[in-house]
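Report on one structure; see the data block that follows.
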Amino acid sequence: MSKVSVANDPRDRGGAGTPLLDVRGLVKHFGGKGGLFGRSGSVVRAVDGIDFSVAKGETLGIVGESGCGKSTTARLVMQIIKPDAGDILFDGEAVGSAALDLKAFRRQVQMVFQDSYASLNPRLTVEDTVAFGPRIHGASTAASIAKAHDLLHSVGLEPRRFAGRYPHEISGGQRQRVNIARALSLDPRLLILDEAVSALDKSVEAQVLNLLLDLKRDFGLTYMFITHDLNVVRFMSDRIMVMYLGKVVEVGPSEPIFEKPGHPYTAALLSSMPSVDPDNLTEEAPLTGDPPNPINPPSGCRFHPRCRMASTLCSHAEPELAEASPQHLAACHLVGPQSGHPRLAAA
Amino acid sequence: MNSTLPPIVEARDLTVDFAAGRGMIRAVRGVDLSLKPAETLALLGESGSGKSVTLRALMRLHPKSAKIGGTIQVDDADVLALAPSALRAYRGKTVSMIFQDPSLAFDPVYRIGDQIAETVMRHEGASRAEGRKRALELFERVRIPSPERRLDNFPHEMSGGMRQRAMIALALACRPKVLLADEPTTALDATVQIQVLLLLRELQREFGLAIVFVTHDIGVAVEIADRIAVMYAGCIVESGTCRDVIRNPSHPYTRGLLSSRAHGTLGKDERLKAIPGSPPDLSAPPPGCAFGPRCEHFIDSCAADIPPNVPVDSLHSARCFRIGSSPPPHPRRARHGSNA
Amino acid sequence: MSAIDAGAIVTVNPVRSEGYWSSVGRRLVRDPVAMLALALILLIVLAAIFAPYIAPADPFRGSMVRRLRPIGTPGYPLGTDELGRDLLSRLIYGGRLSLFMGVTPVLLAFMVGSSIGIFAAYVGGWVNTVVMRVIDVFFAFPSVLLAIALSGALGAGILNSIVSLTVVFVPQIARIAESVTTQTRNRDFVEAARISGARTLTIVRVHVLGNVLGPIFVYATSLISVSMILSSGLSFLGLGVKPPEPEWGLMLNTLRTAIYSQPLVAALPGAMIFITSISFNLFSDGLRGAMEVRQ
């Protein structure tokens, strides 16, 4: 397999300094106005104005609890659902513009879903599933089958044994390898992994994570890695973005986020991880109650009703992302030096 | 833990077979377990390891087509021999269960408070008012906010974490002695999971409950359990106190699980120490040690016989031929980073 | 990667697994009830096709002197009808029209109804809403009444019966097709095909049809029995096949005067309708069972 690296990718347009993916002001609300007989009801603010970028060759981990908008973000980037507002730039070009139409964009961005079974057509063999992409993009039958076999080999499935099988005949881990091979069949530059290992058993999960790291190196890929598992995201990611109720609350390189989180929500998330040390069990839950519903989110900082540090300021002024340490931003009044949060004055 | 008390749950050589097509799925293949009052045992294993099947066997929840062998004693009752009426009393009053999916426990068309009151009335012959009162106490106990109002909720009107608390309240309605928990926190968000785990720990102390807690997550097992039993392919391969199993894992599978965990950051070219391969097909389990084909310490006798339960320590044992013999050779780890 | 998978202990099966339909066939063959039903259907179909070679007598030639003979009369094993025609021969010939009237409307409705349903579901949005509301209007009428009203309006005759029965079945099949397709189009694998840049028609052909036609087909086979009964009913009311053509529903009608003199003979056409329609139903049940994909 010829090695592609991010640096010498012939498809590179903007150069190393241009992020591969640049998302600005992305908004998606669900509900509100319905169809012909739709009711105008409550609006779910699934993604409510987020900006982020993914540099070439890096892995951006996105974490957050249910309802934080991480999967919606993936679907918006993938153009599976249309955003209400916001721009998505891929390698410097706006998606859908004359320079980068949808079809060209989709060749370069692919996605792996959480449910390995639902994301495979039960009527197609493994080989037909992987060959589908090249086929519809004009490769001959023989060429696309050959490509499928190459990819199956790359994801650790011996083509002779697996090419003719159906999804229900192979294990969950093997199915997810097929899904990865399918996603790679169009030679994408960006791979979005939406909880791609969450449904796997732990021993299989480790195999697939290793595989993903190998593939990233061998195919010169960039990852957007979405998960709720903090251990996994730390292992996989160069940078991490934490979402809460449709907003980005913290983003930055993995190490500072794990060592010295800037946002109280990130800190709570980290200390909610079960301990693996029998002599150091968790004594007190860092948060009470469930994550609130993204319908009618709280005013001000969306985290303030659950936050121990909250002051009256937090309930009416929404904090902006501010620098907590170099390249590390957090949206908390405790981070911005001039926010007027009472605890800042005390410190 | 009071070590002088007799066990409240004792299973010996438990086997569960399911008919599948022309063959048989041997889901549980000879499990021994015993649990004292006020003790928590975590059954830790991956999907298909037989952990949930074992749990359901303790409640006799299997379809008639399943063949259960061995013996199960719970609180002096021979569970596998209970007559239907005794079984109904046993379920709920001696032993009750909580699930990953609360919809298994609640009827969607009845108010949650009524369902709890109903259970109390049925098992204890209490009046409706007494039942409601118990339900309210329980809701307060599991810390559901504004409990009076919440009693009148339908299951779908509650958030995931609250439904899980309500299910715990329902399970405790008739003050059972044993609580069976089937991955009750797996579907919850991390910040909610830890709350439910701490609540269970607290309730266990307060009511002196014996808990069998099935999970696939080592961290969850450590947080909740006094003892851990690691299951693989229908057998308990290692059991011991939480500290023994985590600090001194003795079965190669347990060691593999612990070392394959993603934690901390690794260098650019480092890889996780994954266990190669996948678990065996239980319709045709290998003759010897089920983990043998994936094991880095494999020797010929592993393929011939199922290893006996070898004591590692007073309360710690593992099913492996290599224990007690020479210390296992230096692990010859597969080079996971190598690529085609 | 070989290092990772080296220890995989999956049993190595033949290189190519059996396809979906052959596994359905294998499971169907193991279902004795479905096989018995299929055998009965084949028997009746073959008898209808080869009627001229099998039937002992001319189904049209009657005789006033041997009317309404009982079952077991020498030369007339199943007796004779009210015009003295051999009932066995008429039952064999009658299968031709009865099966034709049972299967054709369902086949036509399967083609039209699944196209409408799949189209509506795949396009979605307001198109789907409009199409399905129109379908619901048809649904509001009981199928028997709708069939009679349409046949009455169009006039008696085989062609008109087929048209009216097709119209009765189209909404039912369209509705099933719409719901199965809606379920399928929201599955992740369809989404995955969309993000690989496939055109809608390709997605429908490769990913949707294979997963929806089976369930729709099973539903359609269960309608064959309804269609047979309805078409017999139309004939019984004089709205379908006209005498002297042999057709089970019509035979039931003309023999009803003999219900007191020769009840067994009079019941025979009804028994044929019953056996045939229940065979189609049992076969359809078996097919549905065999098509359930296990994970």
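First chain written, first letter: the chains are A, B and C, and each begins at residue 1.
Convention: a residue touches a chain if its C-beta (ideal position, glycine included) is under 8 Å from a C-beta of that chain, and two chains touch if they have at least 3 such contacts.
In this text the structure is predicted, and so the values were computed from the model without any measurement.
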- Note on the structure: By Cα centroid distance, the chain farthest from chain A is C
- Note on the structure: Two candidates, A-C and A-B; the one with more touching C-beta pairs is A-B
- Note on the structure: Between chain A and chain C, the Cα-mean centres are separated in Å by 49
- Item | Distance from the mean Cα position of chain B to that of chain A, given in whole angstrom | 32
- Item | Residues of chain B whose C-beta touches two or more other chains | 274, 276, 278, 336, 339-340
- Touching two or more other chains - residues of chain C: 1-2, 4-5, 10
- Shared interface positions of chain A, touching two or more other chains: 153-154, 171, 174, 207, 210, 214
- Task: Please name which positions on chain A make contact with chain C in the complex.
- Result: 35-37, 78-80, 102-103, 106-107, 109-111, 113, 115, 117-125, 129, 132-133, 136-137, 153-158, 160-161, 163-166, 168-171, 174, 179, 182-183, 185-186, 207, 210-211, 214
- Note on the structure: Within the complex, chain B is touched by chain A residues 1, 65-66, 153-154, 171-174, 201-207, 209-210, 213-214, 217-218, 228-232, 234-236, 254-255, 258, 268-269, 272-279, 281-282, 284-291, 293
- Task: Would you pull the chain C residues touching chain A in the complex into a rising list?
- Result: 1-2, 4-5, 10, 12-13, 15-17, 20, 125-126, 129-130, 187-189, 191-199, 202, 206-207, 210-211, 293-295
- Message: List the residues on chain B that touch chain A in their complex, please.
- Response: 46-47, 145, 159-162, 189-195, 197-198, 216-220, 222-223, 242-243, 246-247, 256-257, 260-266, 269, 271-276, 278-279, 336-337, 339-340
